[in-house]
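Got a structure for you, written out below as structure tokens; questions coming shortly.
To keep things simple, chains are lettered A, B and C as they appear, and every chain counts its residues starting from 1.
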Amino acid sequence: MLHPMVAYLLRLAVAAFVILGTVPSTSSAQTHLRLGTTTSTQDSGLLEYLLPGFEHECGCRVDVIAVGTGEALRLGANGDVDVVLVHDPDKEEAFMRDGHGLTRSPVMSNDFVIAGPHSDPAGVRTAQGLEAALRAIADKSAPFVSRGDESGTHAKERKLWAAAGIKPQGSWYRESGQGMGATLQMAGQMQGYVLSDRGTFLAMRERVELEILLQGDPRLLNPYSVMPVRVEKGASAQRELAESFVAWLLSAPVQKRIGEYVKDGQALFKPNAPATPPPKTP
Amino acid sequence: MNQFFGVETLAICVTSLKTSSVAIVAASLLGVPVALWASNNYFAGRGALVTVFNTLTALPSVFVGVLLYSLLSRSGPLGSLELLYTWPAMSMGQTLLALPLIVSLTLAALSRTDPRLRKELIALGIPAWRTGWILVKEARFGVLAAVVAAFGRVFTEVGSALMLGGNIRHSTRTITTSIAMETSKGNFEFGLGLGFLLLAVALAINIGFHSLQETRAR
Amino acid sequence: MIYRAQRLLHRYNGRVALQVHDLAIPQGSRFAVVGPNGCGKTTLMEILVGLLAPSEGELFFYDRPLHLPLDKDQRSRVAYVAQQPFALPGSVIDNVVLALGRGRSRAQNRRIAFGWLELLGIEALADRSERTLSVGQLRLATLARAAARDAPLLVLDEPFAFVDETFEAIVQRVLERHHSAGGTIVMTNPRRSALANWATEVLELGAAAPANSPQAPAEQIPDRAVAPMSQPSR
């Protein structure tokens, strides 16, 4: 007997949500650029340092959705973000191949380090090269904490194991399934080895009992690319905004600012945009 | 690093409160009539319906997040509404989380009212909506308890808020998504502080509800 | 004929609680349902007023099958006074106003409700909360509430339970008024003798429960409830 009433309330609720959903965009009367990116760019503080400049210039707001590279690319493929800033070359190429991105441009890079306990039971500090270090960890079955979350860091780590000819498995190989910070925390508590980007490691340095044991190998380079997302229908304003964001990010002054970003006395990112911006695809 | 005692923390609190309050109002407006309807009508499958709502009180919030994400995504069926990564999207997720709790606890509260009251109301030919209102007033302690419990659930959930809101700074960052973020950054002190803040706000709201029950009891 | 039914049966948890082979309640009658406690009088009343659907058999109300929930027209034709008086939250006059329904101003409703309270001699209780009333006062208040609905059919389940002689006379006056205005009255009573002079029709229900079933608590059949009605009918 309350049936029509329930149906009415249901319609009312949906209508209310739709109205509420449109209110924020009209009340602020500001355009929003949605940037899908990795936790490392947000947690290192780089975006907070850079983005106000762009927001000021374009009179818009940048909504940062910081997730793993895998999820960020997925959001881009679904059209839920306008531009992605990620670090996983293989997945980025696949993203472009599938036609989700308009252009792909290198922006900057930082580097990965292998961190571990001061006691260094596997002898990573003294190992002859990257492969030897990884093999030593596997041979000694020393605990290694992996992100295990399809992030760019995770992809890099798997590539390194493959290059060393090792299929990591066994009780010593532990997948956290969490972000970099949480994974470092776990590695610190377990006194295990871990592959981390330098920025997050520096941010966490005082909280975890780990130190950098191996760094500087060219294969530990961590390149970031930016890709504006191809939008199927309409939303050309979003596309223009995304493209202007990319142009801004690759411009000489911003590249210079990226190189100047220092945390704890160390520069975290090395700008590496090409001198000429990528050609625009129609 | 953000300051703990700052405007931003306040804004995060406001977002949390706004999202959860709207969700609770929506879930109550939907859930209480559903509970009334289910308790006033005997129909085939009624027991099954009640069991379904009782089971859904255990709905995982991340599951609700994925479900609504697939609907609200630009490539999903409701993508044109452009609700993803807005606070109404978080409210929708929390409404879904609160609804089963409100329905099953309100049903329980209504079943504790004197059966003679319902019989008298029907025999007097009181219209259904007014019968419902009188029954809810009679069961107000239980109904308010249902609302308070549901508020506790949605105010402290993180899974769906993270997926549907995106933890966007100055926009959809809530107390719980901040805790998740600060903790993963390793800022445990900050995370703990936000946790205590959450508890303090929840306490204040519960005191408010309690005083509401007290005054309405008179 | 207001009610018509054959082979009406109701079960509670598999146990037969009511069995009526042939039921016919004519318009304008004073219909008495009598029988020992546990024979299903209250069950029959609740079926008649549309609070309960019989397990078996179909009941016709004004020649139309009666199904739950009753529609607005059917509901408006029957008023019910339950055995245990139960007031809705609020004051006595609120209770009566609630029964009047909509379509009038608040002041009008209050005036009409007050008229009914006066008829039953309880106008002094108008603004008292239902919680402060004695059982007998509650009985009169619920009677006023039912009568205020102005339905052609008045169904009462043991209306003389819980009332003393003074109140009983008031109840009788209201019933008499209803009947002389052309209304129909259906009423239950545990003892046949009590309604013998009053009723135009009597339905006697047998004990449907097992023969040696325990009797209901004694306070449910107070002696006063069976005080004979002295005035002759017509």
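Please note the rule applied: a contact is a pair of C-beta atoms (placed from the backbone, for glycine too) under 8 Å apart; a residue touches a chain by one contact, two chains touch by 3 or more.
Because the structure is a prediction, the values reported are computed rather than measured.
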Shared touching chains for subunit A and subunit B?
-> none
Most distant chain from subunit B, judged by the mean position of its C-alpha atoms = C
Innermost chain, taking as reference the mean of every protein Cα atom displayed | B
Between subunit A and subunit B, what is the gap in Å from one C-alpha centre to the other?
-> 33
Distance from the CA centroid of subunit A to that of subunit C, rounded to the nearest Å?
-> 76
Per the C-alpha centroid definition, the whole-Å distance linking subunit B and subunit C comes out as 44
Sites on subunit A at which at least two other chains make contact = 1
For subunit C, write out the residues touching at least two other chains, lowest number first.
-> 69
Touching residues on subunit C, where the partner in the complex is subunit B = 46, 49-51, 69, 72, 75-76, 79-80, 82, 84, 86, 88-89, 98-99, 101, 145-146, 149
In the complex, the residues of subunit A that touch subunit B are 1-3, 5-6, 9-10, 12-13, 16-18, 20-21, 24-25, 34, 39, 43, 45, 61, 63-66, 77-80, 178-182, 184-185, 203-204, 207-208
Contacts from subunit B onto subunit A in the complex sit at residues 1, 22, 26, 29-30, 33-34, 36-37, 40-41, 73-76, 79, 81-89, 91-92, 95, 128-129, 132, 166-171, 181, 183-186, 188
Hey, which residues of subunit B end up touching subunit C in the complex?
-> 114, 116-117, 119-126, 134, 137-138
